[in-house]
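Chain naming follows the written order as A, B, C and D, and within any one chain the residues start at number 1.
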Amino acid sequence: MALIGRPLRLGVVGGGPGSFIGPIHRSAAVLDGCFRVVAGVVTSRPERAAVQGAAVGLDEARSYSNVDEMIKLEAQRVDGQGIEAVAVMTPNDCHFAECSAAMQAGLHVICDKPLANSVEEARALVLLARQTGVVFCLTHNYSGYPMVRQARAMVEQGALGAIRMVNAEYLQGGMASAVESGPLSDKLKWKLDATRGGPSLVMGDIGTHAHHLASFVAVSPVTRVAADVGSIVPDRQFDDFAGMLWRFANGARGVCCVSQAAAGAENNVTVRVYGERGMLEWQHAVPNYLRHSPLGEPARTLGRGDPYLLPAAQCATRISRGHPEGFRESFANLYADFAALIAARLTSTDPDPLALRIPTVEDGLRGILFVDAALQSSRQGGGWVNCALE
Amino acid sequence: MALIGRPLRLGVVGGGPGSFIGPIHRSAAVLDGCFRVVAGVVTSRPERAAVQGAAVGLDEARSYSNVDEMIKLEAQRVDGQGIEAVAVMTPNDCHFAECSAAMQAGLHVICDKPLANSVEEARALVLLARQTGVVFCLTHNYSGYPMVRQARAMVEQGALGAIRMVNAEYLQGGMASAVESGPLSDKLKWKLDATRGGPSLVMGDIGTHAHHLASFVAVSPVTRVAADVGSIVPDRQFDDFAGMLWRFANGARGVCCVSQAAAGAENNVTVRVYGERGMLEWQHAVPNYLRHSPLGEPARTLGRGDPYLLPAAQCATRISRGHPEGFRESFANLYADFAALIAARLTSTDPDPLALRIPTVEDGLRGILFVDAALQSSRQGGGWVNCALE
Amino acid sequence: MALIGRPLRLGVVGGGPGSFIGPIHRSAAVLDGCFRVVAGVVTSRPERAAVQGAAVGLDEARSYSNVDEMIKLEAQRVDGQGIEAVAVMTPNDCHFAECSAAMQAGLHVICDKPLANSVEEARALVLLARQTGVVFCLTHNYSGYPMVRQARAMVEQGALGAIRMVNAEYLQGGMASAVESGPLSDKLKWKLDATRGGPSLVMGDIGTHAHHLASFVAVSPVTRVAADVGSIVPDRQFDDFAGMLWRFANGARGVCCVSQAAAGAENNVTVRVYGERGMLEWQHAVPNYLRHSPLGEPARTLGRGDPYLLPAAQCATRISRGHPEGFRESFANLYADFAALIAARLTSTDPDPLALRIPTVEDGLRGILFVDAALQSSRQGGGWVNCALE
Amino acid sequence: MALIGRPLRLGVVGGGPGSFIGPIHRSAAVLDGCFRVVAGVVTSRPERAAVQGAAVGLDEARSYSNVDEMIKLEAQRVDGQGIEAVAVMTPNDCHFAECSAAMQAGLHVICDKPLANSVEEARALVLLARQTGVVFCLTHNYSGYPMVRQARAMVEQGALGAIRMVNAEYLQGGMASAVESGPLSDKLKWKLDATRGGPSLVMGDIGTHAHHLASFVAVSPVTRVAADVGSIVPDRQFDDFAGMLWRFANGARGVCCVSQAAAGAENNVTVRVYGERGMLEWQHAVPNYLRHSPLGEPARTLGRGDPYLLPAAQCATRISRGHPEGFRESFANLYADFAALIAARLTSTDPDPLALRIPTVEDGLRGILFVDAALQSSRQGGGWVNCALE
């Protein structure tokens, strides 16, 4: 899908050798030919840039050790073939500066969640995105799954009628043991450091995912939250659990539970939306299917690639029905839409409305407001706290 | 299983022709030969007692129209073969008087939930049960399912280690439409009348079930709740939704969601308990199975009737593995235990400790305290309210 | 459901203390009030009849040790309240004589499968049933499950169009180990004795079930079979496996696999029927649901008790949607229909057409012909053998 | 995973614009950096080579219209950077000539199944592979799924003990309607032409997949088959159904059913292997999980990425547990192993034994022998026919 007759040129920041998310980003970016990864910063040590860059497929000359350097030198290339977009997959505390630098240089940005570590930073990024006019995509990749898009499209179409209840869950077991007592991986080092990972590990890591996914499918933002945030592992100094009640702008209520210390869970993301005429349920463990249970009729299982799906799901599908796609393709769908929006800018055309559904910098701010409100509610004994954008 | 060489004599109150729960009670009571249904009150109109009684298999002479009359006449029988226990399955506002009368007459009682419509009534019933020393069983029948008992027994054995998180859900769709606008069934008439059905429809009907089930499997009572209780159907005058955060005596946290207006749900009861070493999940839709996901090992599906089950589950199973049992048998398990406890009294022997797990009148009081606390929390803006028994 | 204002009087043969199937029969017979178990033969030893009979709830005076005696004495009762029907749940080699005696006495018969141990016996029973005009029900209880009846009714209605492929499976693991080497239970003793259990253990025990279930749902008899029958456990002297290709009268093809040595299986009965417009699947492990996957549309999960079900399923349901029923109720449905057919005779009315769907003595003969043909095919190296009734 | 410090150079044959399998091959080949797609034949028309090649990312200069031309010109490149391997994804009747040409030129080959359209061709390819010593991989990609590899490794380890029964199924619904009556796609044109698609559509398309998958997991070849092959759609001139009984070299028996006219199926591939100590089941619809039901213990669900998996599964996993992978990655695993074997040749080192598990040209021959035997059995009335390689 070479939207403008050629792939866009992407520079990556982070995701070096050993990274989980790095290969996902890079393979997703190129999967449809929308991007080529032509430059990157995968180490902060200049002496290692060549080797580390080569390990992820970067040319030595374009493997930098510093974002500002990459931005500057790429812009100065004599061939005019410098990067057009930046993919940020660094520790959370780096997002603000790196995204800011990229946007100020007029580069489009695709950035991992959470957007930033404070409401102030998040607001500043929203402002900067508006001022610079670049395309900004936040990788809430669950909204990139075809059947999640089908769910949203069905809600938009009114398949459920008015939405009344939204329940979401994101449970992992990786922190069920006291991993903080053992030798820490590089990843854990920054994650467990609140100045780097943010004020609440569980809320930043997965709470924001559950929040975006629920809002995305419910087609309505969360406006209030009442929360119990803390640790369910004794003597732990960081948050690994959050139970939440929430209210949506459309009036829906519901509960949300996220935990990284749910022993026995793997990476269980579930969203269920109930409306006046039925419900929809999506589970990450079986991502190619969507359950639709209409009131008074048999429950239905919709499958990715099936002919009756709505355009929003059809266009996010590469392989035909019955041939499972997965996590990688969910990222690729964000990249494809990100590319489509950039291409529309470059060609001064109207973008595909479906591509506009990617998580935006505003969504990122909503996530940070949600985290902030949940923490405040929990601290003050569990009552309601506003988290609406306006 | 004739515990004392003969079935016990049971009188039923409620559950007449057309009732959903009546046939369940009666067939469950006799399934193992523990009881015979020898008398009953299935109508309050004397002129209909004979016909209505016959329709449910009662002898004309022992089909009464009044509980006090039944108790009195049964006690005066010249053959000395009057009822020994009473099964109460009347509207909620009748439970207090009927249970009280039965207990005061020295009759053992098995009563539908919720125990009563107020904390005061519930406390009074607890006191009376203690004073009279009768056996009292509340029909939180989900705790009668063999695999729920297996879950509890595993938690007791320490299979999960310390319990950290407990999530429960009970969702029905029967109130998704505005049934209150149409002609009301007899059942709905009293259920929608707060003076008869109790202060909160959803909490009394199913919130108490979720509460008991979670406590039963977690082997720990709920001590605090923060709740959002109300209606998700516009213009509705009664509660059909409750989102809750809760804390357990053992320190566990979690969320609970109950609704009768969840369009597309059927009768979805789910409980999940997470401990330091894994989790257990039970779903009512597949009641013969229990999922156990130990930390770092493959998830396991335990099946009713399988040889590795613990005694608590084995003794609650009648049909061999692979041959599904259901709702009826869950009630029969409560009746069997109820009978075992009565038989122990009659024979002055120690009861089977497993039979002591039936829901008690104290559990009933805990349920009413939970409802009361949830409503209070919701009214005051969602903060924590204590609901511990002491 | 007292069809003629009173329960019918049933005598049981077999199913004494320790039996698996005895309590199922007895509780199923009385579940809806269609029958009362008033007499029985639960031991062949006269000196034990009183005690063994009492253990299953029989009056001492009507607990016999001999079928002929029961038939004779019940017919001679001065109160005229002798048994009207007989339930046969004895070892396979007893069916022929017991059913014959009952039918010759004008008693209606409900008999466990397989009908008999030879084609000759089976044909004779068919003849006798026709001559005597009694109602005969064979307990292929899988056809008593509401969702199996729904499947058949949908096929009859044309929901799938013409039926093209039918696959069935019945797998158990109880014989995966060399149980024949250990001390044998009474049940295994006769089952493993071909003169008592029949020519092929696996085919008689479960092959006939798979055969009837497939024919029932496909609404078409099996006409030809090509089979591989034998043992998959080394050095075993009896059949524990059968792989089969089959053809149906309606032209459908398919495969069938049954085994009692499938280690890891529990009691896995599955039938899938594919037509020109979609497929239906039913699995015993989740008996309250039926999967319907229409061509080009989302798959649907139909639930027992749901409002859209056809009358054949609705009338076989006692408990509302979301409240699981099981194996016991599947037997009770056969008993209810059996009673309805008897009642129609007694009242000279037309029976409910839905009740006519119970497995008949002709179905029993079809099963025996199927076993015979499969064994013949296997012996001769696997080609097609006819097994049609005519 | 640049095994020799650089990606291998791959030429593709087939898979041009509009192809289903083309993008799968190309993205799978590059996913781990094992290959670069540097040349190809994606059209047979010289005048379209440039445009069609560009559409799939080929340089104009290396987009050929003829395999022989590609092989010749690539070998003559002055930079010595010609292709080292060929990926064949053309209609079945082209495989023989293309694979032969590639092997004769010393190029390694990865080829879509079925290997060829006749036993003679298949035998010739086996011979040629042996003579030339090239690496040959047949894309039975189901054996590339991590959990299928886990299943095989468990069987090899003896987790099930001796294998006794193997059942497989591959059902699709795409031919449930009379697609042959409508306008034919290019793909259907050659598939429905027996001289191009082979003697039996269903057996070549999916029967060979089921056959390989079953043999792979059972760790034993199929030696005999008894089959019913034909059409279940009226008036159809090609095979769309095959029911089969089979025997394996290890003594196991079982059934296999494949159909492309199973209305309501999507792409349902299932394999189940039963041994003396339990069973394993894998279903394509939930490819990241493997069910293991040990005799007498709870069934287990193993998940891709989980820490307890065997090396064969671990090394075929890119993304951590709980993050679904799919069809694309199954192909990539074949490519990775294919590359590992080539790299071992290039570096004169011993290959990773796990990489040797890729489907070989001998496996391809086994598949063609299986098709041939099944057709012969069906024609002659369903008896057993030998299909062993020797």
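A few comments on the model shown:
FYI, a residue touches a chain if its C-beta (ideal position, glycine included) is under 8 Å from a C-beta of that chain, and two chains touch if they have at least 3 such contacts.
As the structure is a computational prediction, the values presented were derived from the model and not from experiment.
The set of chains touching subunit A and also touching subunit B is given as C, D. Using mean Cα coordinates as chain centres, the one most removed from subunit C is A. Averaging C-alpha coordinates per chain places the centre of subunit A 35 Å away from that of subunit D. A straight line joining the Cα centres of subunit B and subunit D is 55 Å long.
For the pair subunit C and subunit D, the distance between mean C-alpha positions equals 43 Å. Under the contact definition stated at the top, the residues of subunit A that touch 2 or more other chains are 265, 292, 299, 303, 306.
Residues 160, 162, 164-165, 167, 169, 173, 176-177, 226-228, 230, 232-234, 241, 243-245, 247, 252-257, 259, 261-265, 274-279, 292-295, 299, 377, 381-384 of subunit C touch subunit D in their complex.
By the touch criterion stated above, subunit A contacts subunit D in their complex at residues 20, 23-24, 27, 30-31, 33, 57, 172, 265-268, 284-289, 303, 305-306, 318-329.
Touching subunit A in their complex are the following residues of subunit C: 292, 296-303, 306-308.
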